[in-house]
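What follows are several structures.
The same chain A turns up in both complexes below, where it pairs with chain B and then with chain C.
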Partner chain A sequence: MFRKHHSHHKRVSKSVHFNIQYLKEQLGDSSDLSVRNLTIAELGHAAIIHIQGIVDEQSLHDNVLSPILAFIHEKRNVHSGKLPEEITQIISVPKIKLLNDWPEVVDNLLGGDTVILIEGHPEAIIAGTKKIQSRSITEPTTQTVIKGPKDGFTENLSTNISLIRSRIQNNKLRIEQTKAGTVTKTNIGILYMEGIADKDIVREVKLRVSKIDIDSILDTNYVEEAIKDNRKTIFPLFQSSERPDVVSANLLEGKIAIIIQGTPFALILPALLIQFFQSPEDYYANYLVSSFLRIIRIGSFYVNMYASAIYLALITHHHGLIPTTLMVTLMAQREQVPFPAIVELLLMELAFEVLREAGIRMPRAIGPAVSIVGALILGQAAVEAGFVSAAIVIIVATTAISSFTLPNPNIVNAARGLRFIFIFAAAFIGFYGIILVSLCIILHLCSLKSVGVPYFAPFSPVRFSDLKDSLIRMGSPSLLKRPTGTNRSNKVN
Partner chain B sequence: MPKEKIDGIQLFCLMVLFMFGTAIFLDLGSGAKQDAWIVTILSPITGLLLFAVYYRLYKQYPSLPLTEYVKKILGKYLGSIISYLYIIYFIYIASRVLRDIEELLISSPYAKTSIITLGICMVFALIYAVNLGLEVFARAGVICFAIISVTLFLIIIFYVISDLIHAENLRPVLANGWKPIIKEIFPVNMTVPYGELVLFSMIFPLIKRETKIMKTGSMAIGFVGLYLTINTIVLICILGADLLDRSAFPALAAVGYIQIAGFIQRLDPLIILLIVFLGFIKVGVFFYSAVIGMNNLFKLKPNAFTSYSVGGIICLSSIIIAPSYQSHLDEGLKIVPYTLHIAFQLVIPILLFIVAVIRLKWKEHKI
Partner chain C sequence: MRKAISVLLIIGLLSGCSNYRELNEVGLIIAIGIDLPEERESGYRVTYQVINPSYFSQNGSGSLPVINYTVEAETFIEAYRMASVIIPRENRVTHLSLIIIGEALARAGMGLIFDVFERGESRSTFPVFIARDSTAEEVLGVVEPLESNPTKSIISTSENNQKMYAISEAIPIYRAISLLSGEGQNLMLSGVKLSQPLKSENQTANLQNIKPSVVEVSGLAMFKKDQLAGWFDGKFARTAHLITSAVESTSFPLACKGNKNITITTQGIKSDIKTELKPEPALIVNAKIRGNVTELECYLEISNNEEMIKLEKKFEKEAENQIRETITKAQELEADVFGFGKELSKDDPEYWKRHEKEWNTLFSNAEIDVNVEANISNSGMLTDPFKLQ
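After this line comes the complex of A and B, so read on.
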C-alpha cells in the first residue's frame, strides 16, 4: 500500500544529473517541472528546480536566482565542502532547510518550494518560495448577516489563519498543522485557545485527526465524516462555517476549529444542537430583538418538520378536531382531488424538493425559467386542474419558506429528512404516530455526543447557566460566564 | 468513553413522570367521594415510608440492583426464584400499564383502531429506547418533564378560564368520617403509584454516587402528592363526586368541558401527548428493569435479543391479560393490589430488609 513508500528511504545522490533524472522519473516527466542548470565556477554543476504555477516567481527571481548568480559572478574562492552552507547563507527567503531524504524533498517540491542541488553534495537545499493561487477575500455566501463583519474565508489555509489571528491577537491561540489524506496530503490546521479549551477534548480531537486514513481530503465534510462520534445520525455533529468571526467567537468559548487547505469552510467542534439555530447576527444586534428572532427561527424549524404531518393527521385521522366551518371548506376542496391525502402531500413535497435541487444545480441563466415552471405550473395549474387541493399547496409553501430562516444548511437537511418520517407516521396512525416519532427523536438526540460532549446540552443534561444563551439570548452582563459544556478547565474569566 | 450516569435532576424528573404514569388519568381515591383529595394528600406519607425501606436496602448493597442483592440476602436458590418472580412482576405491570394506555386511546381519539396496532407502535418505540440504555432514557426524561409540566399547567389554566371550577362540590368535608379514607389509602393508593417505586431499586446503581437519593426521592414524592391533590380537587370541583366515581377516565371527561372563545374546544392532541409521554416513560422503566433483571439472572451480556423478546411479551400480554376493559379495571382495583402489590412492594422488601439487618448483626457478632 501507499505507506510502504516511506519505508525504504531513498537518499539524495551526489550526482546532479542522476538526481534530476530521478526527479523526472518520480514526477513522470511532468511538463510543469522547471529545471535550470548552472555552473558554479570550478566547483561544478548545480541545478535549481521548481514547479511552475505554485511558486512565487518574483520571490524566486529576487531571493534565490539573483543572489546565486551574483555569487557565481564574484567567483569567490570557497571551500567546496561547505558549499551548501554558503548557499543557504546568501539565499534570502524566510524558510530554508537542507534535506537528503527523497520523499521529503519531493513533498516539498510539490508543496511549492524550490530545490537546489549541487554536484558532489548528497543534500538538497529547500527554499520556501510557496505561493498558492487563490481568490481574494469576499463576502461569505452562507450565513449572511445584515450588520456585522463581511469577510469570509478563502481556499487558502494561511489566509484563513491570518483572518483569525487578526481577530484574536493573543499568545494563547494555538495553531497546529498536520497533513492528512494519503494521496492528497492536505494541510490541516487545528486551532484552539490554550487555557480555555478543554485539554481532554483537544487531545481527543488531535488523536482522531491523526487516525484519519482516507485517500483524499477535499472539503471539511471528509474530515467530519472521518472523525465524528456516531455515523448513524441525520443530525450534523459538527458545525461548519465560512465566517472568521464565527470561528473566533467559538474559539473564545473553548471550542476547537479545524481549517483545511482548499476549502473556505472551517469545522467547529464540539457542536451542540442549539448552535445550529444561532446566527452570528444574534450577538451583533440588540439582545431582545435577537431573542425574538431566535425563537422565530426555532419555530420555523418545527413548522418545517411538523406542518405537513399535522395537516395530514388532521385530515385523515382526526376530523373531529377541525372546526366545522374550516372542515367544510377543506372537504369541498378535496372533493375533486382523485388521490388520497398522503399521495397528494408526497407529490407536492417531492415536487418542491426537486425544484429546490434544480434551483441549486442549474446554470444561473435559466433561473427564471425554473421559477416560472415551478410557481405557475406546479402550483397554480395543478390546483386548477384538480390534481391537488389548494390547502396542500399552502402547507408545502409554508414548509418551504420556513426552511430558509435557518442559518445553517446542515440542520435544514436534517429537518427535511425527518419531515418525511413524520408524514408517514401521521398517515399511518395520526397524532399518536407523530408523538411516538418525536419521542424517539428526543431519545436519539439525548444519546448523541459530539467529541464526547452531550449534543442536547444545555437542555439535557441541564446546565442552568448555559440556558441564558440557548432559546433566547440574555444581555451581556449575564453572559459573563463561559459555556460549561465544552470547557471545564477555565470556567469564569 | 464511559457512560454518563444519572444525576439528581434526571432522577427527580424520572421519578415524577413515573409516578404520574397513568395515575393522573385514573380516579384516585374516588371511593372516598368528595374527600378524595384527603386520600391523595395523605398517601405520599405512606409512599415515603416504603421508599425509605427500598433506600435502606440499596444502601446495604450500593452497586447491585434488586434482583442481584436478593441472591446475596437469601442465598443463591431462593434468591434466584424471588428475582425471577420480580422480573415476571415487572413484565406484568408493564403490560397492565400498556393496556391502560391502549384503552385510554381507544376510548376517545382512536375508537376505530385495533388495540394491538397501538400496542405494537408503542413497543417498537420502547425497544429503541431500551436499547439506548436507561441513562439516555433519563436524559430524555428531563425534556419530557418540561413538556408535560407546560401541558398540565396549560390545562389547569384552561379549566380556570372556562369557569368550570365549582368549589361547593368539595363540601361536606369528612361526611363519612375517616374510615373510607383509610380504606382507600390502604392498599390501593399506597401501592399505585408510590409502592411501584420498588422498581427504582433496579435503577439506583446507575445513579451518580454523589446524588442524595433519599432527598431527591422525597422531593419527587412530595411533588407528585401535591400535584395529584390539586388535580383531584380540580376534578371534584368540575365533575362533582358522583361523576368522578362513575367515569372511567375523569381527566378526559373534564377536559371535554373546556371551551374558550369558541376557538379552543378540542384538546385531544394535548391529551394524547400526555398519555403517550407518561405511558412511554412508565412502561419504559418497567421494561428496562425487566431487561436488566433478566440479563443479570441468566448471566447474559447486554444484547438486543432480550429487549426484543421482552417487548414482544409485554405487547402480547397487554391484550391477553383481560378480555375487556371492565375486567381489566376490576383486576387492577380488587385483585392485583391485594395479592401482587402487597407481596412485591411491601412484604418481600420488608422481609429482605429484616433478614439483611439480622445478617449484618450476625456477622458483627461473629467478629
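After this line comes the complex of A and C, so read on.
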C-alpha cells in the first residue's frame, strides 16, 4: 500500500494514431477507455478520448462533442497551425487547458477529464468533464447532535468544500489543493483562514503534507499517520470530523483543516486533548447545560478508564477502604467464583470488546439475536452459573456505557487501551500502581505536541483565558476572544 | 532496549508493594471479645466474630451470618495468630468495628490492652463496650432478628439509645486510650448485656421467637485507672452524659399531681463544668437545657406564661437534683469520670501539680454546685390539655 512508484516522463507526439496506441498501452487496453475518431475538415484526423463512468456524459455531449461536430459541419477555413486554440475557443466546459506532458495528460484522463488529440499537433486539449459518483449529503453517523446542523461531509472533495464555503462566506478562507499518494494521486484540500491561522503552523502543515511519500491515501488516517508529531502515542493528535459545522468553527478559531477526496472525514489540526470532549452541541445549547454535560463527559471518560481498575485494586489490595456492609456483599458474590478477580475482570472486559466488535460488523438482521445472547449470557447466565460475580458485570457495563458519551471515537479508543494498563497495574500493586500509571500518562500528555502546539493546553501550559472553554463552557460574552493556543498573529482583544 | 530493561527492573522492584489477597481467601473479623482466660492462668480469652459470606449470597439460607471463634493465648497477637488453628481463612482486622470487654476482665484491670489495636492495621475509630455481668463471648453469641449480625445489633442499639435516651455512648477506642492516658478524668464505658439468656443453643430458635433474646445497653461503667469501679444505671447514666454534654435528646418526667407526670423532651443540652477553689475545690456544673412539653397527664394551663415559668423552675430543680445525685455517686467511688480534675489542671496548673496525687480524695469531698438554666419553648400541637368532664 505504501510502496513508492515512479513513472518516466514523455511528451505527446504529433501522430494521433501513435498517441492512441500509447494511451492504450499505458492503460493496459482498459475496456472503459472510450476513443472516438473524427475527421476535422481537411485539416485531418482527431480523437476524443475519455474514460466511461467518471465523466459527465451530458456535459461531454453538450459542451464538447456538439460544438466540435458543428465546427466540422461549418468547415470553416482555419489555419491548421491554430487548430487547438480554435477548438479551445468553441468548447464550452468551464475548465480547459493544453498539455503536452504524457504523465499529466494521463493523470487528467484518469481524473475524469476528456482528452482531445489532433493530428499534427503535439498537444492534448484537456476538457474538464469530471463527474465522480458520490452519495448525497446525509446526516453524519459518528457525531450526531439533537439540535444543530444535520449535514455531513460526503466522499466528494468539492461537495465538502462547498459545504464549508457556504458557512464561511469570506474572502479570507484559503483553500489550497494538492495531490498526494504516488499511486492514487488523491486530491487533498488544505483549508485555513488567512489572518486568523498562525502562519508558522500553516507553513509547517503544508510542508509536512508535501513530504507525504506513500502509495495511497484512502482515508484521513493515512495523512494523519504520515504527518503526526509523535507516532508512538495512543492519544489522537489530530481531530477528525465529518461535520462541516465543526470544521468551520475550528477554521474560525485559527485551526487548519485537511479534506481528502474519497472520505467524509476531515482532519482538524492542531488538536488539543480537551477538544475531544467538546461536542458541537455544546455551542448550540445553553452554556450551563453544556457545561454540565461536558463535565459528565469528562467524568465518564475517567470512569471508562479507571472504574474497573479501582474496583480491582479495592477488592484485591485495599479491603480496608471498602465500607463493611459493601465488603460483606462483595465477599458473598465472590464466594463461588472460581477465578482470581483479575481473570474474572479481564474475561468480562474482553467479552465486551468482542461484543462491541461483533456489533459493528454483524449483519443488521441478526443484531437483536446477538444482543440478546450478549445480554443474557454475559449479564445473567454467567453470574448465575457462578463464573463471574454480579459486581464485575456492573462495573464492566458501567465502563461500557460511559464510553459512548464521548463525542469522538478516537479518544474512546485511547481510553480503552489505557484501561487495560490500569487493570494490570491495579492487580499488581493496587492504588499505588494506578497512581503510578496515571502520573506516567500525565507526563506523557505534557510532552505531546500537535503540529508544535502543546497538546495538554490550556492546563499545561496554563492559559487562563482558554480555560473558559475547557472543562466547562462559559457564556458567550466571555468567549469573544479566540483561543490563544493556535493563533498568535490575529488576536481579538 | 534499555528502556524495556529499566521498565522490567522497576516492575520487579515494585512487586514488593503488592498486597494481593482475593476476597474469598480472607476471613473478615468484625468484632473481638476479650475475657479473662478460663483454661489458663494468665493471658486472654479472645472471641473473634468472623463474617460468613455465604450467608449473604443468594443461596446461603440455612447458615448464620457470623461465626465466633474463641481462642485462649498469652497475648493478643499470639491469639490472633493461634486463631489459625480453627479459622480456615486468613483473618483480617481491617474491618474490625467493635471491641467487647468482659466485666470480670474490666474489674481485674484492663492494663494496656488497647495498645495492640492502635498499633496494628485496624482502624481505631470503632467503639468499646463492657459486657455487663457476663462475658464478651456470651454477648457476641446471639443473632437477633432485626439486625444482620451481633456486632451490628450492639452498635446500632447503642447508637439508637444515644439518640433517643442517652444511657449509652459509643466511645471509640482512640478516645478510651486518651482518657486512660490523660490526667484528671477517668474512663466511662457503656455496658451491654443480653436482655434474657438464650433459651436454647439453637440460634434459629431465637430468630423465630417473637420475644427473642436481644442485646440491651445497660448502664455506664466507671473506671478508676484501668479498673472498673462501679456502674451508673438508667437515669444516672443518662445524667452522667448530660454532664459531659453527650446527650442529643432525652426525656424528663416531672411529677405534677399525685403520681401523674409532665414529660419534657429535651432538644439541646450544653453543660459547662469547672472546678473552683474556695479554697477547697468545688465542683460546678452550669447546664443549659432547651426542651418541649410532650406529654401532660394532669391539667395545667401551659398557655399561661406564669405556669410555664413555674414549670421551667420545676424542671431546673429536677435536673439539678439528678445531676447532684449522679456526681455524688461518682464521689462515693472516688472516680472523677466527668473531668473536673482536667478542668482544674487547665485553670490552675500549679494547684493541680501540688494536689494531683490526692485528687481522688479532694474530688469525693468537694462541694457540688449545680446551676441549670431551662427553657421550655414549645408544647407540641396543643397548648392546654383537654379537660376530663
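Please note the rule applied: the second predicted complex is superposed on the first by the 484 of 493 C-alpha atoms of A that agree within 3 Å, B and C clash if a C-alpha of one lies under 4 Å from a C-alpha of the other, contacts with A are read in each partner's own complex, and residues count from 1 in each chain.
Operating definition for what follows: contacts are C-beta pairs under 8 Å (C-beta built on N, C-alpha and C of every residue); 3 or more make two chains touch, one makes a residue touch a chain.
Note that the coordinates shown come from a computational prediction; the quantities given were computed from them, not determined experimentally.
Contacts of A:Ala341 after superposition on the shared chain: chain C is touched, whereas chain B is not. In the superposition on chain A, A:Thr316 makes contact with chain C only, while chain B stays out of contact range. Of the two partner chains, chain B is the only one that A:Phe456 touches; chain C does not reach it. Applying the stated contact rule after C-alpha superposition, one finds that A:Met474 touches neither chain B nor chain C.
Applying the stated contact rule after C-alpha superposition, one finds that A:Gln333 touches chain C and leaves chain B untouched. When the two structures are aligned on the shared chain, A:Gly430 is found in touch with chain B and with chain C. Across the two superposed structures, the residue set of chain A contacted by chain B and also by chain C is 317, 320, 429-430, 432-433, 436.
Chain A meets chain B in the complex at residues 317-318, 320-321, 323, 429-433, 435-437, 439-440, 442-444, 446-447, 449, 452, 454, 456, 459-462. Across the interface of their complex, chain C is touched by residues 315-317, 319-320, 324, 327-337, 340-341, 427-430, 432-433, 436 of chain A.
Those residues of chain B lying in contact with chain A across their complex are 1, 4, 7, 9-10, 105, 109-110, 113, 117-118, 121-122, 125, 128-129, 132-133, 136-137, 139-140, 142-144, 146, 263, 265-266, 268-269, 272-273, 276-277, 280.
Across the complex, chain A is touched by residues 11, 14-15, 17-24, 26, 28, 30, 51, 53-57, 60, 92, 94-95, 97, 121, 123 of chain C.
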